[in-house]
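Take a look at the structures below.
The two complexes that follow have chain A in common; it is paired with chain B in the first and with chain C in the second.
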Partner chain A sequence: MASVTLTDVSKRFGDNTVVKNVFLDIADGEFVVLVGPSGCGKSTTLRMIAGLEDITEGELKIGERVVNDMTPRDRDVAMVFQSYALYPHMTVYDNISFGLRLRKMPKPEIDKRVRDAAQKLGLTELLDRKPKAMSGGQRQRVAMGRAIVRQPAVFLFDEPLSNLDAKLRVQMRAEIARMHRREGVTTVYVTHDQIEAMTLADRIVVMNFGVVQQVGAPLELYREPANTFVAGFIGSPSMNLFDVDLRATGGEPTVTGKGLSVPVPERLRPHLGDQTKLVLGVRPEHLSEAVDGPHMTARVDMLEPLGAEVHALGDVEGQPIVASLEPDTAVRVGGPVGLRMDLDQIHLFDRETGLALGRQAHRGAA
Partner chain B sequence: MSGHTSSTQQSTAGERLLKNLFLVALCVMVLYPVVWVFKMAFTPSQGFSMSLNPIPENPSLANFEYLLTELPFFTWLFNSVVISLATTLVGVFLACTSAYALSRFRFPGRTTAMLSFLVTQMFPGVLMMIPLYLIMDWLGLLDHLLGLILVYSTTAIPFCVWMLKGYFDTIPIDLEEAAMMDGASTATIFWKVILPLSLPAVAVTALFSFMTAWNEFILAAVFMNRADNYTLPVGLQRLVGQFSTDWGYFAAGAILVSIPVVALFFALQKNLVGGLTAGGVKG
Partner chain C sequence: MSGQASGRRGLVWLPVAALIIAGGFLAVAWSQGVADGEAYQARRAATIARGVAWVHVQEAMRVDDAGEGQTQRFVEALPEKVPGVREALVLKGVNYKAHSDAALVEQRLDVDSLAAKALYDDARRLKANVDKNAEERARNPALGYDPYPEVQIIPVEGGLQALAVAEDAGKYIGTARITTGPAPYRFELPWLVLLVALGLSALWLIVGGRLPTRPRIAVGVLALAGLTVAGSVTLPGWRNDLRRAQADGQAGTLAALDEAGLLAAQAPPWDPEEWADLDEDEQQEETARIEANALMPYLDRGLNGALEGRLVTIARANEGDDTRLEPPAGLPAGALMFAAEGRAVYFSGAAFDAAVVTDEADVRLWGIGFGVIGLLILLLGELGQLRRMGRAAVDHRGAYGYLSPAIVGMVVLVFIPVVYGIVLGFTQRTYNIIEFAGLTNYIEILTDFDLGDPTNFYFKLGVTLMWTILNVGLHVSIGLFLAVLLNDQMLKARGIYRVILIVPWAIPNYITALIWKGMFNKQFGAVNAFIEMMGGESLSWFQSFWPAFSTNLITNTWLGFPFMMVVCLGALQSIPSDLYEAAWVDGADRWQRFRRITLPLLMPALVPAVIVGAVWTFNMFNIIYLVSGGAPNGATDILITDAYRWAFERDRYGYAAAYSTIIFLILLGFTLITNRITGATKGAFE
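Entry: the complex of A and B
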């Protein structure tokens, strides 16, 4: 087991910088999820840790060793691929034991480890099968088995669940969480699925355009997004964002946008600077129907009943909005709905930099 | 629409008969010469029988007996087998390794190498005869089995490289990265992961190399001067004299020569089909 430390790590392909100045300290035994949209550099970062991509600039340490110039096999890391990447011509047993055999481990020890891993993953019955005779979930488990038997210092996962159907995905997600609790091995996990990120991670690293946007515990990212990108990316449905202007109305600072106007809550006032062009963020679940004194009125054009709640999709004077309403709401498609924000839960961002008021840019971010 | 369908169905019986007659005629056209070779091989006279009857009139094994006892047939067979097997081994090994490098590594001259392999395939082999003869003479390999092995391997390699590179390209890179993470070196990846997965393609290229060497006549005839260095095709050609041709022996020889190739074909048949289609489909 080991910590993983990235210091000012960058990756360029020709003139194209895909990972920019990443600083990241992953503690021993921690489960860190890299998340972001396609092409944000999360997979490249993982592959640099694995040793499958060269590091253009910066320093990568696993434990106390600088591993920049080490081959994957000397780094003591194991990786689970999105495509599973099982060797099609080998049985499950041979797939799992391949790495151990290459390390010339004694046969009885190999056998013990393989059977142990197979038992943990429910693969004992399948050890003689070849990959093509197995389902997606079983293959996924073999890929995990191949990583577990190595007892590496670090586990790397590259979107391991995205080829599975929804139900299996939930199952395997739980399995990965259990595995991490049991083995306690430092894990770096890449996904574009924020639910996976929220449910698995000790800490989440949100990336966009090769730049780390924010690092934090799942709820921290949800409660205190550092910028408009994280605000929009974490949480489902996404946070509603409105362009607003800061004004002082009768001595009280107020933000006003198209069709809405709210006083700036007490807790945000110390962070107000001379910047008057702001973005107001409010999550769908922090909006509620209001009969009198609504902050704004939306026109509803779609309702998504989910049972425990109803998502009302619509717009406020042309600005799209989603609100999460009570299941017994009387709101109808085409009708107006008056909405109140929970003022304790709103966010204000600088429109120019995108940063939350009172926030500095993440270290390494341009 | 339905009326149209039923009318097609009605005419099917007659159409089917016509189609089958046509196909049978084609089969006869293709197979008759082969049958005729068999007829000559089993007919003891050495003349050219003009009768259309494909059944030998008084069948005998005399031609085979003559070939196997009066001619150095087994010497020629030995030469052919040694040359063909060695060509296959050398050619396939070099083609596999270079195709893998061309498929997976990016290095200066990669495209040029691929193209020059292709360009060599555009010239008829006869063009290379004189330069090859000079080189062989210079190396002192004229009239040596090794000389032919070298020449056949080098001429077979470009095709084999293209064939194998195409196949290697379809093997997902993830597999190699997984092996790398498992601690495999490039050589281990090649031998333990890539080659076992490429057996169909290797089988096709091996068969191609073998057949090229086994059937080649012109270069062998030019380079080999002593009768005990002849390959089978060269030896058999000597039966075609300037004034008379011993058709019976020739036909019997042709049958004997084709037996190993046919046997190989059947042995590799399953892989061949897989190998030839595998280029297009992943996995």
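Entry: the complex of A and C
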């Protein structure tokens, strides 16, 4: 078991920089999820940790060793691939024991470890099967078994659940969380699914265009997104963002946009600077129906009743908005709705840099 | 479907089978009638032509005018007296010596006419053959036959044409030609079989349904077997007509000769029984008389086997020191024999009779074949298999319709030649006569253990196996090596290398073979030039076994590796790269990844390719034949090239066909075994 440290790590393919100056300290036993849209560099970062891609610049340490020039086999990492990458000509037993056999571990020890892992993952009955005779979930578990038996310093997961159907995905997610709790191995997990990220991670690393946007615990990212990208990416439905201008109205700083105008809450006032062009962010769940004194009035295009709440989709003078309303709301499609924001929960971002007011850019970000 | 209905429908099968058997006999009777008619006609035409030729000799020998007239009278009488003869003529030089159309006698051949030109050419050719036979016999007095045909029989419209040379003591006299009309066979319906088949069917339909299934099948089998036996026994009956026709032909010929005044007044003394009655002195005296009349050349050429255009002597002189003439030992019944003007000629019907006997055996085989088919239909039908097959054919008639061109093609181009080849392996050909020989060829091939002989089967098998193993081994290892190199994503200009490496495969292999043969030329070849340039000593590549074998091996390796390379390349590209990454992360180094991931995943593509490659190489005719050509002394020939030489150089078709069948069986066994082994190892892999 070991920590993983990325110091100013970059990856370039020719002129194309896919990962830019990543600084990341992953503590021993920590579960870190790299999340971001396709092409954001999260998989490349993971593959650099695995040793499957060269590191163009920077330094990568696993434990105390600098591993930049080590091949994957020497890094003591185990990886679960999106496609599972099971060896089709081998049985489950052989798949799981492959790495141990290569390392010339004594047979009884191999057998013990394989059976142990199989038992943990419910694969005991399947040890003699070949991958093509198994379901997606079973294959997924074999791939995990192959990683577990190695007892590596670091587990790497590359979108391991994206080939499963929704129900299995929830199940396997729990399985992975259990496994991590049990084994306590440092884990780096790549996904584009923010729910996976939120549920599994000790810390989440949000990436976009090869740049780390924010690193933090799931709730921290939810509550204090560092910039508009994180704000929009984390949370579902995503945060409503409105372009607003900062004005002083009667000595009180107010932000005004199309069809809305709210005073800047006390907690944000110390961060106000010279910037007058801002972005106001408010999550759908922090909007509520207002009988009197609404902050804005939206026209409703669609209602998504989810039982515990109703998502109302509409626009405020052409700006799209989603609001999470009470399940017994009287709002109808096509009708207007007056909305109030919970002013303690609103966010303000610098429209030019995208950064939340009062925040520095993440270390390494351009 | 109720049992009752299915039972009633099940009754159809015996009638169907019985009618098929009866129809089979009908077809056999018909075809044999035609065939025998033709055979009979051919022999008769040859007999007559020979007779005419002989008569012509008489004329030549007797120089008087009457002789000429006699020949013409004989020839003129032939069409009238002998059933089936359309035209008869004797050609000498470019003139008709005699002709059944009297107006043409002594007329010059119209050489501009195509038909006349053909006659002239054929006559010349036969004459040349007579000379060649004389040479052969002079060289080898023990020769029991004429190696070159002296009688030619060709089919013409509605009949046959026989051409025979007349010679006197090696001196060409003239050529006789007889043209016959349509074959005088009489075709008889095999009534008995047809009636029994119909009666059986009717009876079956009436009472068959009352029997339970199993006894019914047993009764049906017995009934069909009986029908088959009855058919086989009664079939030769109509052949008697043929014997009658033969007798008619002989009588007709005799009549024609008699008409011409050529038959001696005295009774022929060589009736076998009469001959046996003579005491030794009398026989000697008789023999001397015949000898004095110089009949030897004609007696030597019995007419048997004339159908094939070569003569096998039945009646011939004892080649002992006293050169006594003996009549053919045990002159068979039905032999035609006549004498004229103190000279005697035998026309033996022995071979003809033998042919009839063989035909009878053949006919019985055919009959039994139909019987077996009938029994199969009955069994399959009663057990419901046939109906199921039929239903499948109906249900999938669209599919079968689309397949039918391919099926027809396969049958015509593959199955028929294969079956023909296999059948040919059970025959032997002695001078154009093909006979059934059972397993003789196989026994001869497989029981010869003289390994010092380069044409020995086991020696050839050893060479072939070595050739195959070395070639396939080199093909796979070179192909795989290059494929792995080419599969490297980082390699620049992969496409160009790939094209270059596939080129040897794209060139027709005989061209490659000839180029390599040229390169291995001792004096002018590039290989020797290169060796000399490097300071080595040039080599006579085709003088001894190993260098010659190497030339073949090098050429075929050059030709063979691209195929394996392409197969490997395709298979390599189908292996997902994340398997390698997973193995890499699991701790496999480059060699382990190749050994544990690449090789096993290549196997499914490589094994069929190796099997196919082995079969191709095992039968790689072109390279062996064109590069080393078997040199030295046939040692580097492999089985398939030697099979070719047996057929087309050593002239033993049956032996060559048996050889090919053995090669086929070896490859069949190889494929079955390999399939089983690889199938078995697949499960146990790793």
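The definition used in the following text is that the second predicted complex is superposed on the first by the 366 of 366 C-alpha atoms of A that agree within 3 Å, B and C clash if a C-alpha of one lies under 4 Å from a C-alpha of the other, contacts with A are read in each partner's own complex, and residues count from 1 in each chain.
Everything below uses one rule, namely that a residue touches a chain if its C-beta (ideal position, glycine included) is under 8 Å from a C-beta of that chain, and two chains touch if they have at least 3 such contacts.
Here the structure is a predicted model, which is why all the values come from computation and not from measurement.
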So if we stack both complexes on chain A, do chain B and chain C clash, or do they fit? clash
Looking at A:F23, would you say it contacts chain B, chain C, both, or neither? Reply first, second, both or neither. neither
According to the stated criteria, A:F209 is in contact with first (chain B), second (chain C), both, or neither; which is it? neither
Check chain A for residues that touch chain B in one structure and chain C in the other, and list them. 50-52, 71-73, 77-79, 81, 83, 85-89, 98-99, 102-103, 146, 150
Across the complex, what residues on chain A touch chain C? 50-52, 71-73, 77-79, 81, 83, 85-91, 94, 98-99, 102-103, 146, 150, 156
What residues of chain A sit close enough to touch chain B in their complex? 50-52, 71-73, 77-79, 81-83, 85-89, 98-99, 102-103, 146, 150
The answer for chain C against chain A in the complex is residues 576, 578-579, 581-589, 592, 596-597, 600-601, 603, 685-686
Given the complex with chain A, which residues does chain B contribute to the contact? 172, 174-175, 177-185, 188, 192-193, 196-197, 283
